Amino acid sequence: MDLATLIGIVLGMDLIVASIMIGGDLGAFINIPSIVVVFGGTTAATLVKFPLSDCIAALKIGGKIAFKNTADDPRSVYDIAIELAGIVRQKGLLGLESVQVENELMARGIRMCVDGMAAEVIKESISKEVDMTLKAEMQGESFWRGMGDMAPAFGMIGTLIGLVQMLANLSDPAAIGPAMAVAMLTTFYGAVLANLICIPLADKLEIKIDNTKNTRALIVESVMQIHASQNPMVLQELLGVYLPGGKPAEEEE
Amino acid sequence: MDLATLIGIVLGMDLIVASIMIGGDLGAFINIPSIVVVFGGTTAATLVKFPLSDCIAALKIGGKIAFKNTADDPRSVYDIAIELAGIVRQKGLLGLESVQVENELMARGIRMCVDGMAAEVIKESISKEVDMTLKAEMQGESFWRGMGDMAPAFGMIGTLIGLVQMLANLSDPAAIGPAMAVAMLTTFYGAVLANLICIPLADKLEIKIDNTKNTRALIVESVMQIHASQNPMVLQELLGVYLPGGKPAEEEE
Amino acid sequence: MDLATLIGIVLGMDLIVASIMIGGDLGAFINIPSIVVVFGGTTAATLVKFPLSDCIAALKIGGKIAFKNTADDPRSVYDIAIELAGIVRQKGLLGLESVQVENELMARGIRMCVDGMAAEVIKESISKEVDMTLKAEMQGESFWRGMGDMAPAFGMIGTLIGLVQMLANLSDPAAIGPAMAVAMLTTFYGAVLANLICIPLADKLEIKIDNTKNTRALIVESVMQIHASQNPMVLQELLGVYLPGGKPAEEEE
Amino acid sequence: MDLATLIGIVLGMDLIVASIMIGGDLGAFINIPSIVVVFGGTTAATLVKFPLSDCIAALKIGGKIAFKNTADDPRSVYDIAIELAGIVRQKGLLGLESVQVENELMARGIRMCVDGMAAEVIKESISKEVDMTLKAEMQGESFWRGMGDMAPAFGMIGTLIGLVQMLANLSDPAAIGPAMAVAMLTTFYGAVLANLICIPLADKLEIKIDNTKNTRALIVESVMQIHASQNPMVLQELLGVYLPGGKPAEEEE
Amino acid sequence: MDLATLIGIVLGMDLIVASIMIGGDLGAFINIPSIVVVFGGTTAATLVKFPLSDCIAALKIGGKIAFKNTADDPRSVYDIAIELAGIVRQKGLLGLESVQVENELMARGIRMCVDGMAAEVIKESISKEVDMTLKAEMQGESFWRGMGDMAPAFGMIGTLIGLVQMLANLSDPAAIGPAMAVAMLTTFYGAVLANLICIPLADKLEIKIDNTKNTRALIVESVMQIHASQNPMVLQELLGVYLPGGKPAEEEE
């Protein structure tokens, strides 16, 4: 669970709600047609932007990466690889049969080793999986960024609708204030949707995608070396370059 | 038919119309001179931006790609290529004479094979067609993006015209509201045109162009291998690298 | 004559004028001091931006490229090159003496061939001319883009001047409207100047510069091959790669 | 101590406070809920944007680099390296045991030399430290830039909340002014936070990161040469290329 | 003296002042606290952005390049180089002793030749000077661009201060107009400072830096060839490639 994402969204929402409640009634900030224009319009424009299948995949990927802390820490992959290499030295590749590996990609690679597939086939297969996952993740990022670009625009469109309607019917001066208040709600919704949710989520996806690249290269290398029954000592040297601070003897988070 | 594009535009329009109807009369949002300024002005600036022939081609290409689901799925091209290679092994290149291939580019390549043209000529010819199509598609994208950049600007120009006229004649206070309402309509038109249609269409073109690059490389490779009467088994290996998830045995959408 | 550029600017202006005339008097939109601030200020900032000599050259180049349809169609260059190569095969390089070539760059290259200059000298000379022209054209583009960046800024500066003056003298309420109307005129001028003229012209220059690159490479190659008395048949092959759709036998625009 | 950073922030704050005090009361510019929305909202969005551990590290790194004048002046590193090389020539590597080096990275490298570690190990170790520090610094920069992007957005969100509340309750005209004043405070906070603190700090980090790259390469080279007991004369030549103005004989700041 | 820069700034200022005087009193546009907020705030943020030493250097470099027409015309350097090469052929390198070269960089190179320094040393020395100057010039550009980014932001901050103060004290309606007028002055100052001075100066620096790159390469080459007592005829060929339009026989500005 990536606490920062959740804390951030909940905290931001709470602060906005609290700030509204100090100054008045929360009810004045809830208006169904305004919500429909901003969320519906943003969704509609997103449907024009992206192929339908991409939208659904992007939504899933986005949620998964942003909120979950994937088991992609390079150090833990390194530790497991050294451990597995030790097992292979003692019992051969079949000794890996009963081993449980948390990381999905690595688990799949190890399973292929146990199944006796050729090194080349394993490498191609897990490299392709890495590429596909990466492509899906980058689609997820561009999906959320696209939403973040559209939300303020539809907030403005909603406000323009409200202003035109208010201005066309100025007969009752007492209605001007509340009508303008409602008109501004769509801009408010668009700004919150974009700046608290969509754009920060896209940014977090970008950072996480960047961080996992190294770990994935480490996983591919680990699986290949384990398949080759590499000596655990040599493996420490080979995989050490993928660790942020060198070999495990050093302290770091 | 790319449903997402159509659903998106229709849904977006419906939401905006519905949102207008909840708050008042749709008639207040239709103003012919405003429509003329925004759509005409955007078109005029687009004519200055792009050579005339590009505009027409871009409009056609844009509509075609955005709304149609072209038969450019790499898996289907792969399946057809394997099938055709089998036919060639049995009956020779002339056996392809009666085969119907849905994909236009591939069909043209196969026809050239049947016509007995040299491999080099076929490759150059279909590669050139790929380049030309790609260039036309990228012109289409930049055309729609250019429209999307211009529309809000002419929306603002129209609003400025309306505001200046209203401010120059403040004698009748009752007319201020409706005059401002009309002035804001052009901004509204510009925002809807840009954010619901032009920019999302340009984005979708960009994504589709990107997606087809791989498929087109696959088609060129397929035709060349079929021309060389490649063994279908070997062909599966050779073309498998173009598929997003490896060979067809794997499950994926 | 590049009709699109002219039609676009005239059409855009007409639409704006028509839209003004529907709603009132054109006179309300003409204000000499406002014109002076926007056009003068934009010009002043452009003088700070670009060296003086660049400004004049850029203005000329910009007008020339944007409005003229230069004889830079690759197909016509190709046709002429094949024709000239035939003449050279029959009568030698001196046979080109009486030939009229429309394209300036090519004409210069051919004249150098007739004058008996060395291949290397000709190549260097016309390549340098291509580079210089390209540099001048790109300066032209950045000049117009710079104008397009500055115009809205000086429109806003003019509006701020008008607003400050109006606000400082609120004694006569009847004067507020017209004063604000005049203040907004500069924003209007800046928006029209930037979005109908400067930015679209810069965009068109960019597209035309991009399009001529290929033609110019074709011209340099043509002249070199003609100088070498290349066989017209071989020349067709050599130059065919510069044509958008392959050799002339194919149909295309 | 980087005086410019401190002077800039203090001076900017003083100018803003002074400018407020000339026109009225400072109290009108302090509003707790507004501060909560802008600072809290920006913090919340930053938590969504960056992994939690990055935030804390970035905050520390940012403060450290922006306010401290690190001992990363290439000239002083050069001088120390020449001095140390002299000591090594006279007393061997162990002669460095009692030497105090201010620069942390260099000190660590020298300590490893004294400890008799292999050249390769030292190089890899300090190169890795350089990479890790660089990555942390760049995270610091993007953290502050991200804050600077978010602050104006949450300023606008706060203002929208205030405006909607004011417009929904227009019954008391006397309350409109003060309510709008409070609503605008959040925009003010967001603008000051972004433009006086976050964005300039990010820019300064960017410049400092750029400047230290050269010095760090010089440190790595110095340590390697000292380890190799390089002749101080030769070392002057080798390290001179890292100095901005050549060898120390020349005058410069 | 680069007249365009001076004419541009003076002309722009005059136009703005004239435009103010047509509509009213210049005095209404001068407000000391507003000037302090905009200029002081921009300066403060710039101090946070750039190291202190960079600020001063950048200011000097900026002024020097923007207003002076440096003797960096490639043609004049070319002419001097040919002339000096002739002198060297006749009297040897010592014959250059009494020659006055206007361009500082070239003069320094020639002086080193006369002083009998080795070719390598001269090349390294003047290349380093070129790099240092280039770096300083690019700092100058980014300094002015940074000022141009900050000025409108502090203009807005000043306007927000004024608006909040005005809105908090709405008791006297007669004071609203003038108070708002003053509030808008800071936006006006920020816009003029950014769009007439800072951004155009940064753009001119960018263009000039780009233009001098070629001349500086020519100077380095010239000095090296003169040092080698190159034949003036050969030198013409060698240096001709640095001229925009080939050798001096051709006409051009």
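We just call them A, B, C, D and E in the order they show up, numbering each chain from 1.
Here is the rule we use: contacts are C-beta pairs under 8 Å (C-beta built on N, C-alpha and C of every residue); 3 or more make two chains touch, one makes a residue touch a chain.
Note that the structure is a prediction, hence the values are computed from the model and not measured.
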Which other chains touch chain B while also touching chain E? C
When the centre of a chain is set as the mean of its C-alpha atoms, what distance in Å lies between chain A and chain E? 45
Determine the centre-to-centre distance between chain A and chain B, using the mean Cα coordinates as centres, and give it in whole Å. 28
Multi-partner residues of chain B (each touching 2 or more other chains): none
Name the graph shape formed by the protein chains and their touching pairs; answer line, ring, star, complete or other. ring
Going round the ring from chain A and on to chain B first, in what order do the chains come? A, B, C, E, D
What part of chain E is in contact with chain C in the complex they form? 2-5, 7-9, 11-12, 15-16, 18-20, 22-24, 28-29, 66, 174, 176-178, 180-181, 184-185, 187-188, 191-192, 194-197, 199-201, 203-204, 207-208, 211, 244-246, 253
Going by the contact rule set out above, which residues of chain C touch chain E in the complex? 33-34, 36-37, 40-41, 43-55, 124-125, 128, 132, 135, 146, 150, 153-154, 156-158, 160-170
